[in-house]
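See the structures that follow.
One chain, subunit A, links the two complexes that follow: it is found with subunit B in the first and with subunit C in the second.
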Partner chain A sequence: MQEHSEHHIVPKRVYALVFATLIVLTWVTAWVATVDLGAFNIYVALSIATFKASIVVLFFMHVKYGTRLTKFIVCSGILWLMFLLFVTMGDIWTRSWMGVPGR
Partner chain B sequence: MSSHSSVAAHDAAHDPNLKHHFENADQQKESASIGMWVFLLTELMFFGGLFLAYFVYRQWYPEAFIAASNKTDVLVGAINTTVLICSSLTMALAVHYASKGRRELLVLFLIATLLLGGIFLGVKGYEYHDKWVHHEIPGEHFECHGCADEVHTQLFFSLYFGMTGLHASHMIIGFGVLLVLIWQAWKGQFSAKWYTPIEMFGLYWHFVDIVWIFLFPLLYLIDRVGRPLL
Partner chain C sequence: MIAASAPVKEQKNYLNAENGLKSWLLTQDHKRIAILYLLSVTVFFIVGGLFAALIRLELTTPAGDMLDSNTYNKVFTAHGVVMIFFFLIPSIPAILGNFLLPLMIGAKDLAFPRINLLSWYVYMLGGTLGVIVLATGGVDTGWTFYTPLSTTYSNGYVVLTAMAAFVAGFSSILTGLNFIVTVHRMRAPGLTWFRLPLFVWAHYATSVIMILGTPVIAVTLFMLMLERGLHIGFFDPAYGGDPVLFQHLFWFYSHPAVYIMILPSMGVISEVMSTFCTKKPFGYTFIAFSSVAIAVFGFLVWGHHLFVSSQSAYAGMVFSILTYIVAIPSAIKVFNWAATMYKGQVRLTAPMLYAIGFIGLFTVGGLTGLFLAAMGLDVHVTDTYFVVAHFHYVMVGGAIMGYMAGIHYWWPKITGRMYNQLWAKVSCCLVFIGFNLTFFPQFVLGYMGMPRRYHVYPAEFQVLNVLSSGGAAILGLGYLIPAVYFLWSLKYGAPAGDNPWGATTLEWQTSSPPPTTNFEVTPVVTTEVYDYTNAEVPHIV
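The block that comes next holds the complex of A and B.
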């Protein structure tokens, strides 16, 4: 059960790479919004944002080097957020299919 | 009992920052980290409710949201996103140098984080002022020329001010904490062995950055197709 929790010092090179990726993706997402992808614009924008958030969590917030308990807690929180968003949006998206009054 | 406490007292003599109810420094650090994450998850659900409201209303009134979103300045938003990411980098470096016990560099990067956060809030203030001048604040004096659905255009701006305002208030709170941390770091209260407050504040600051990473595309980038970035 002993979890390795030695002080993992992340090399500066990793921070530089994450930082460069975040900056590039910020301007990519601003540019790609001007390209006509139809309904997919929002999904591309949210995918880029999710990727950016993931590398912030993993590297800047050290979750990649954290213990399994930390990883479990972070994942459970994200899971609950997904419940909040997708269960509610599932209702909103599908109401019109059934012709329910009041949408 | 007494033999236990004397052992604990003996151990504590080695590390004044280790509280007696923890086995060792690693366990103490892990506990702080998990406590901070649990707090951040409550924050996640807090912001999550606003994001949910945004998604629901965007689904119901897409035209009004497009019309309102096109009134935001993408260039200013992208520049501000860049500034905030820079402040996340300086915060990460502050934690890095704290872990190496480099006091001067720690203070330097904390101050850099403070300054970049200040620039972000300044730009945000400029944007709010712009909205004020153009009557884009929801309420009695709201004006939207050529808007088909003025009521729901206002709804977008209510969410805009609610979400960016809550985000900005988190940054202002972060500002206060940063000032204290800079003072403590300057006084040499942190070492390579113990810099937990710096690390925990880093988690908070990166979390606030993540919220903005989602706010930027959702508030600024709706249906910009065919409109030049600059």
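The block that comes next holds the complex of A and C.
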């Protein structure tokens, strides 16, 4: 097999940095929850959460240093989540288009 | 004992390499783990079958005279939960897939033998939870756990049942993970992707569904437990939830779950067809890629279960069209198997009879699925016996016929013994006749309007229901006879030899039963897959 199997050594500094970022962003999440951004409340909260999840996957779970196959598998997981979310929302967004007969 | 006539020393194989209960319960040999699964899955099949017998017995009369309504609800729920989560999902992958995948690719074991054993223990833990539910009073929601019945109104052990299915799901994730890594990393030298047997392709596609779909049902069941236990609102409008959201999440897994049951069966059929037609399967690459296509497109059709819910009609139209599209790869397989038989040197052995039976029954199951994909017709037959008949044609006529074909085909490899062909053919015919007698009348009943999950019905439906129950008795007998001749073969069956059918795939090149390490020497593959040019074709009676 062509993929090399030796483990990539990640410097401790990177782990410390990721950990610090996660802690800081947790504080930011808690703080932002006290500020009313109107319609943007949900977008800001989800963006921070997505960013935190991404750095966990990339650094703590070593996907950044993984083979292309590993990255492909991770991406297909995300793609499938998109299938689930967007197709389900496709129902919810279009439910009211037709109206209720007799009402 | 006289030394001169001492019996030939029995060859060491995976069965006699070690002895004692501990050597089985702590084994890391994929073949022994497959046997553990075979035994436990068979127990659940019997339990699920007994519940089916209760249902058919109750339905012989129009009155609800044997079971009261509440008990009847619990009985059909138990039948569904046991058969789906504890029999159909693990049956072929965890037994035959586990046993054969490493052998077929020339490997010594799966990539993660300990995880493989863990998957069996996880399965048994889920099964134990399920048995606790059955023993303490059961649950009445149906295997689909629809809200708000399951979250608010049901009095049964919903949380424990959901937990049982939740836990069993992890066993299937572990198996899928193991198979994917094994196929990528452990193929024998020279065994390229397009030299893989179609059984391996089918299991690869199944594993993709297992690892991408099963986490969703786990999360869904977890949400259900949270709402029922802690009143956190996901599905209850009173807490800002949406009950149809449950149906979306549930069927996102549970439609592909049908492919977890049927794809491995299709893999078995491809192997059996090739061997007993003495021919490379017609359209090998098409069959291989159609497995992958089913795995991907099968995830985009779940909304066909929601046509009578409040799902938007526009979403319904898209799901309807996608459902028609997903029938194409299944049809490709059926046509290719038929073309494989055409001008093939067909040998009608017991596994081949089961495989031919599969093609007939699966085709009926698949085509009636297209009826149900039509939104207008579906309104008429939703939640009737038409649906019940349809999915039994797919799951029993398809998945279990394939499972039986596979067990009959690989039994000589697994045990080293031959079973009685005549009895096997007789029981196959009983299964085929009994099955059709059980489920064909249900299409008619459903079309006439008999709803599923009711035990009291109008008197004019009785004749068809009695036919169905009679068929179920024949079907049960057809499943019982194999248990007898298989057990008989363990002691009295003729030794099978390495390759009793004249097959070409790698598992037949090692001894039967195989040694613990599968092959004495790692095989090197130099020929194309299913190459029959030098094959000897034995005559089997």
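Everything that follows uses one rule, which is that the second predicted complex is superposed on the first by the 91 of 103 C-alpha atoms of A that agree within 3 Å, B and C clash if a C-alpha of one lies under 4 Å from a C-alpha of the other, contacts with A are read in each partner's own complex, and residues count from 1 in each chain.
The working rule: a residue touches a chain if its C-beta (ideal position, glycine included) is under 8 Å from a C-beta of that chain, and two chains touch if they have at least 3 such contacts.
Quantities reported herein were computed from a predicted structural model and do not represent experimental measurements.
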Partner chain(s) touched by A:34 [first = subunit B, second = subunit C, both, neither]: first
First, second, both or neither for A:80, with subunit B first and subunit C second: both
Partner chain in contact with A:69 - subunit B first, subunit C second, else both or neither: both
Subunit B versus subunit C as contact partner of A:94, first or second or both or neither: second
Subunit B versus subunit C, judged by how many residues of subunit A each one touches: B
Partner chain in contact with A:57 - subunit B first, subunit C second, else both or neither: first
On subunit A, the residue positions that both subunit B and subunit C contact, one per complex: 69, 76-77, 80, 84, 88, 92-93
Of subunit C, residues touching subunit A in the complex: 184-185, 212, 216, 242, 244-245, 248-249, 252, 299-300, 303, 306, 310-315, 318
Residues on subunit B engaged by subunit A in the complex (per definition of touch): 26, 29-30, 33-34, 37-38, 40-41, 44-45, 48-49, 51-52, 55-56, 59-60, 74, 77-78, 81-82, 85-86, 88-89, 91-93, 96, 99-100, 202-203, 206-207, 209-210, 213-214, 216-218, 220-229
Subunit A residues within the subunit C interface of the complex: 1, 69, 76-77, 80, 83-84, 87-88, 90-95, 97-98
Residue ranges of subunit A in contact with subunit B within the complex: 5-7, 9-10, 12, 15, 19, 22-23, 26-27, 29-31, 33-36, 41-42, 45-46, 48-49, 52-53, 56-57, 59-61, 66-67, 69-70, 73-74, 76-78, 80-81, 84-85, 88-89, 92-93, 103
